[in-house]
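Structures follow.
You will see chain A twice below: alongside chain B first, and alongside chain C after that.
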Partner chain A sequence: MNKTSSKKQSLLSRLMNPKYIMVYATVAIFLIIYLFGAINYGDKGFLSLRTLIISMFTENAYYGISAVGMTMVLITGGIDLSVGAVSALTGMIIAYGVAIMNLPPMLCLLFALVIGVGLGLLMGAGIHYLNVPPFIMTLTGMFLTRGICSLMSRESIEINNELIDALAGFKIYIKWWNEDGEWAKIKPICYINFNFILFIVMIIIGTILLQRTRFGRNVYAIGGNEQSAKLMGLPVARTKILVYGFNGFCSVLAGFAYVLYVKSGWNLALQGGELEVITCAVIGGTLMTGGVGYMVGTLFGVLLKSAIPALITFNGNLLSWWGKIATGALLLLFIFIQRVVVVYSNRKKQE
Partner chain B sequence: MPENIILEMKEIEIKFPGVKALDKVDFTLRKGEVHSLLGENGAGKSTLIKCLTGVNRKDGGKILLNGQEINPTSPQQAVDLGISTVFQEINLCPNLTVAENIFIGRQPMKRGGIDWKTINKRANELMERFHLDIDVTRPLSFYSTAVQQMVSIARAVDIQAKILILDEPTSSLDDNEVRLLFEVMRQLKAEGMGIIFITHFLDQVYEISDRMTILRNGHLIGSYEIGQLNKVQLVTEMIGKDIDVIFNLKRADVKEDAAYMLEAEHIGVPGKVKDISVTLKEGELLGFAGLLGSGRTETAEMLFGAEKTAQGKIRKKGSDISLKTPHEAIMNRIAFCPEDRKTDGIIGDLSIRENIMLAVQARRGFMHPMSRAEQDKLADYYIKALGIATPDAEKKIGELSGGNQQKVILARWMATEPDVLILDEPTRGIDVGAKAEIQRLMLERCRDGVSVIFISSELDEIIRCSNRIVVMRDRQKVAEVDGATCTQQDILNIIAEGSAAENGKEASV
Partner chain C sequence: MKKKAIDFSVITRSKITWAVVAEILILLVCFIIRPDFFSISIQPSTGVLYGSLIDILNRSAEITIIAMGMTLAIALGGTDLSVGALVAVSGAMALKLMRWDVLEYSTPGDYTVYPFWMAILLPLLTCMLMGLFNGILISKGGMQPFIATLILMVSGRGIAQILTNGKQFTTMYSPFRVIGQGHLGPIPMPIIIMTVVCIAMAVFVRKTAFGTFVESVGVNKSASRLSGISSDTVIIIVYTLTGLLAGIAGLIYSSRIMSNDSNNAGINYEMDAILAVVIGGTAMTGGKFSLIGTIIGSIIIRTIVTFVYYFGIVAEATMAFKALIIAVVIILQSEPVREYFARRSEKRALQG
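Up next, the complex of A and B:
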């Protein structure tokens, strides 16, 4: 169908490339759910920007930040179960450092970054050189990190610090011309906060890494076929280890975002958070078997995952556990779509 | 012309547990030549290549590239040194685009990022040079194996290598594509690249090569200019002296009134094997010939219940049987030695005794364990009967040579006293002597009344042993010929003409 004359492809045919199919599925399902909410609960404000941005982005930013790193890990065909624990450890380090040792919070964050990235690199090295399955290796990392959290304190430590308060309270209000023709805050009040910005920045960094650097392309190659990647002369070991290191980096930033959200450190914070993060990436179209995934997909995955609790809140009559059930159903749907895509493309090739 | 020599491999030695894969092999490659590396399966061609490309470590010898000693320890190093390889299996990433598969690892950069435009443009140019009209921005998995193979060659060519190694590049290509490939090879040759070419197709050797080197069982037989040897001499050199042993084998006689042991009617699996019917008489050896991927293995797996049949009926000794799982097959006294003994057959860390008793134990069920004395008796009997070279039954099977491992697997299934024994490529990768031995054992079983299905890529051994031969092509049975009267050429013609006939049919429809 592609004649030599169509070497310069139209935008449309470039967008129709089958490699984007999973992202399109995510966006489509998000739009359907959003439209459903808008039609049913439009009068209660589901349509307003405020709901969209505050509920869906701001309150889930820490999952999103972590999902950036997780997406990359999943693309290599791996998994990382330690992210929730590493985020919690970040909270503990900052809380302990600031509240008990009176250290500046940024120094604590730096220290947490060193620990988080170091642990990630170590797990990556174990996975590659010792050939330990990622599941087991990062499970070990999770228990280790949780243990250290509890060693530091078994109670929640409150953080009272100017810088933390300032960052947590940082808001950019969204303005528009009101009825009087004045440039003013829109109503209902709508703003974006620091976590939101951090999330978007991480998505952009993730996209650049994946799409514009050799490192990112090697990540895809490893997920596609690790043996081939090796035979093509790609730096498989370095790439895999760095991916887990980067994921550690993201988990620490996610932990920092969570600290800004709750202003305390708690050893049991974000338990099971790693599964939420994996869910965001998977319903964002990242293939659990590796090789396929986009940061934009993950962005919509986070939106989609947080749209469901928002819907249930608006309904008002449903128990919040329905959110879990709906999320489960969504995951199932996505795994189903992924299988269909794989089977379909195999059949197509055989013809 | 010693100044023309680009690569020199001297007295290369490689040892695998239990076998010497290469024994003092010399190899030289000149600038601007196509040099064929020839030998039977298991002769050591791939091992030599893997040594050169840093996949396998050598145990002795020297490699000189442009007169300087090199010791590549990884494919990456080999690539950096200018040695680029296209392996038989496609080593690309199916999830990446065609263009990216060609350029990954050395993408052109622009303003700190990957320059996708240039990548796609240059990929398009390369594909044009290969006369392939495909969209390079689609994932590789979108295209057929042949296209994928061409892409992997394009990748190797673009590396600007000094040495290009093509390991069976033509096995998945059709005539047109082979011609294209040869065109490209000639072009590269003219540019001064040294090309090592490995293939099973002797015609192609004579068409494209300047020189050839022959290996047999890990030994160097010799290097020749292409005019020095004709095809018959070449084949004789490849197979070697052990040829006598083979000629002494006699195929089993099937009694006129022999009953049908197994009858399969119209069995098939969509996408794998199309509607096939085969019959097998008592004491008969039925050969399966055909190219790799022609559906031979899948048919065997259907008869063993490892591949679920979607249609048709299977009868054993006249009564219908169900073969949905290997367990049902074992209960019906059908045994199957799979194609790849390394992955599907042996359990390397278990002893010979344990490997032999596995299938018998499975048949008896875990509620009736075999006593140690029974196991020892069984193992000792088969070690003696099959001539397995080992000090005792407790040696780990992983430490045996390929031929002996194969005998252990044969023993495993023979111990179940099967009525039907299916052997998928039992002689692959073992030396000629062991091959003859395996064939002898197979024929002995037939004389005991066991029906054997024998699958092999090597036509000569199929013809030598089989009473009847089923020829498979494109996932279906295209012919059934008599083993006693047909020749290799007949079968080759059937495989080749089958395609011609079918094309004709399609055209007339």
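Up next, the complex of A and C:
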């Protein structure tokens, strides 16, 4: 980016850049849904910090962590279907190592990281050098990982470990002055846990990687046009392989967050999780064709997606299946907005 | 001598060859471990053919039928992720019509509330409409097929659950049982349905110009439009057809279990179908397609599953075996490897 020109622009005009439209759309629709919930179920406690932090951030933190890597893969124009399986494998490795082999959990996590990142790099290499479509390559990775999970154990393995318990039980209660003027836990009780922190940290790391590093600019360039990126002399092979490796890293961390959430390893855990993660990224404004996407959008995508089940819970009369249909409708809405934005900006370019 | 070498290069360049080789290798391993693997006998009580090979064909019916439509969708340069969910919708709809949710029909039995033809046609029609929805989103809406069909993939299972109010119905209606468990002469019904669908597709695609239209649109959409092919119509027909075929597979699936299972019916079918198509040599980028390759691909997938069952390996580990064999096929089919083989056989031809 040209530093002098960007300095001259005011903050407002920089924020009005059309490339952010999709992110704004996500934020706006999230606010509308939140407002809807506030008006209808505000008296039932929808407005409380507890709903916002626990049912929207914390309960879906593992999807969010995985979505950070997925956003990056989608920006390069690829896709990774193996994330749910890699997360499940992480759970299996930790559960198997801790419960059956009596290993320290951090060692198991390290081992899972090596496997997850290794598989990601391998798939990236296959996609780049063998020219296998990402869809097929990562589908194979997904089948392989799920199969290995099942070979390890078909039943769910419980984890009883002090460190895991400590991390899962780690809570920072949010406090405020109550009516008596005392510094106390707010009601309804609300806290920030390890998964929440991990999610936010990963979003920040993802943002820095994408917006502030050469690697991030290469990612956008490859997504925009791989051929031109190659002709410009950018390290296309290295970037593409690293992106899949980073996604593997995120999936393993997501798996770790899931382990903290359920405290067990199960071979069929997070089945179909890859599509939930892709949905989060897409309603967060990431274009599947590549080249467009922001971590902030993904953050709001996760919030938006988890706001729907929260609304259904607060309503109490609706079957939870409506959640799936609502998510589908939301996807449809977002793709329509994306189309309109793309068509509009193309028309503007032609003028 | 020279002619022979050129023939060889044609064979190694063909993607189907590797699929056939893979299938033969798996069957060979099966045969070595269990010499009775190939034996086919007639069950005396029912007069139906019986044996592992028949079982492979019988159980591959759903995926083969779905993969027929998927081949066309992939030849257009797209995919259809919604087929698995449509399998669930079709089953839920059929069971709902046969076991309408009223008190007097609360126990399963050999009856149907709505006429049988309705319980068969309405699910198929619903699936066709959902396919049409996909097609319209992709052609008129200009959306990416992956995303457009993801919508129904996500919400399809929800729709199936809403249709049956989240309940699981069972039925004992005998005409319905015929679809998945019956037989025509000595041949199981799913194999017959599969064969009819495959032949109908082959005739529709190869004896009319439609197959050429599909390939042309898959290679270049705007060029086809300029040469007078209505790309949008071709896309809509293909996705409607995919929906219909998924509906047929859904009826077979629910007839096998005589029940609807919206959570598990057709799970991962879209993945299996796409794999079958790709193993069969149709490129994900669109263009040329091969229906025979797809049939072989689908049979390979089922053979792996049967292989795993036969040798007492944990059923869920099937996926790992699938992955390994698919990885081998994909690597052999990938451009650099095929180029390498082609170059080598050319060199040999020159030397010869």
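Brief remarks follow.
By definition in this document, the second predicted complex is superposed on the first by the 344 of 351 C-alpha atoms of A that agree within 3 Å, B and C clash if a C-alpha of one lies under 4 Å from a C-alpha of the other, contacts with A are read in each partner's own complex, and residues count from 1 in each chain.
Operating definition for what follows: a contact is a pair of C-beta atoms (placed from the backbone, for glycine too) under 8 Å apart; a residue touches a chain by one contact, two chains touch by 3 or more.
Bear in mind that the values here come from a model prediction, so they are computed numbers and not experimental data.
Because the two structures share chain A, they can be overlaid on it, and in that overlay chain B clashes with chain C. In the superposed model, A:Leu331 makes contact with chain C only, not with chain B. Touch criterion met: A:Gly323 reaches chain C, while chain B stays clear of it.
Of the two partner chains placed by superposition, only chain C is touched by A:Asn131; chain B is not. Of the two partner chains placed by the overlay, only chain B lies in contact with A:Lys19; chain C stays clear of it. With both structures placed on the common chain, the touch criterion links A:Asn160 to neither chain B nor chain C.
Touch criterion met: A:Tyr220 reaches chain B, while chain C stays clear of it. Once the two complexes are overlaid on the shared chain, A:Met288 sits against chain C while remaining clear of chain B. Touch criterion met: A:Pro235 reaches chain B, while chain C stays clear of it. Contacts of A:Leu144 after superposition on the shared chain: chain C is touched, whereas chain B is not.
In the superposed model, C is the one of chain B and chain C that contacts more residues of chain A. Superposing the two complexes on chain A places one region of chain C into the space of chain B, and among 8-16, 224-232 or 296-304 that region is 224-232. Of all residues in chain A, those touching chain B in their complex are 2-4, 7, 9, 14, 17-19, 208, 211-214, 217-218, 220-221, 223-225, 227-235, 291-292, 345, 347-350. Within the complex, the chain B residues that touch chain A are 55, 74-76, 78-80, 85, 87, 90-97, 100, 104-105, 107, 112-114, 124, 128, 133-135, 137-139, 141-144, 155, 271. By the touch rule above, chain C contacts chain A in their complex via residues 79, 137, 141-144, 146-148, 150-159, 161-162, 165-166, 267, 271, 274-275, 278, 284-285, 314, 316-324, 326-327, 330-331, 334-337. Contact residues of chain A toward chain C in the complex are 79, 81, 126, 129-133, 135-137, 139-144, 146-151, 154, 267-268, 271, 275, 278-279, 282, 288-289, 319, 321-329, 331-332, 335-336, 339, 343.
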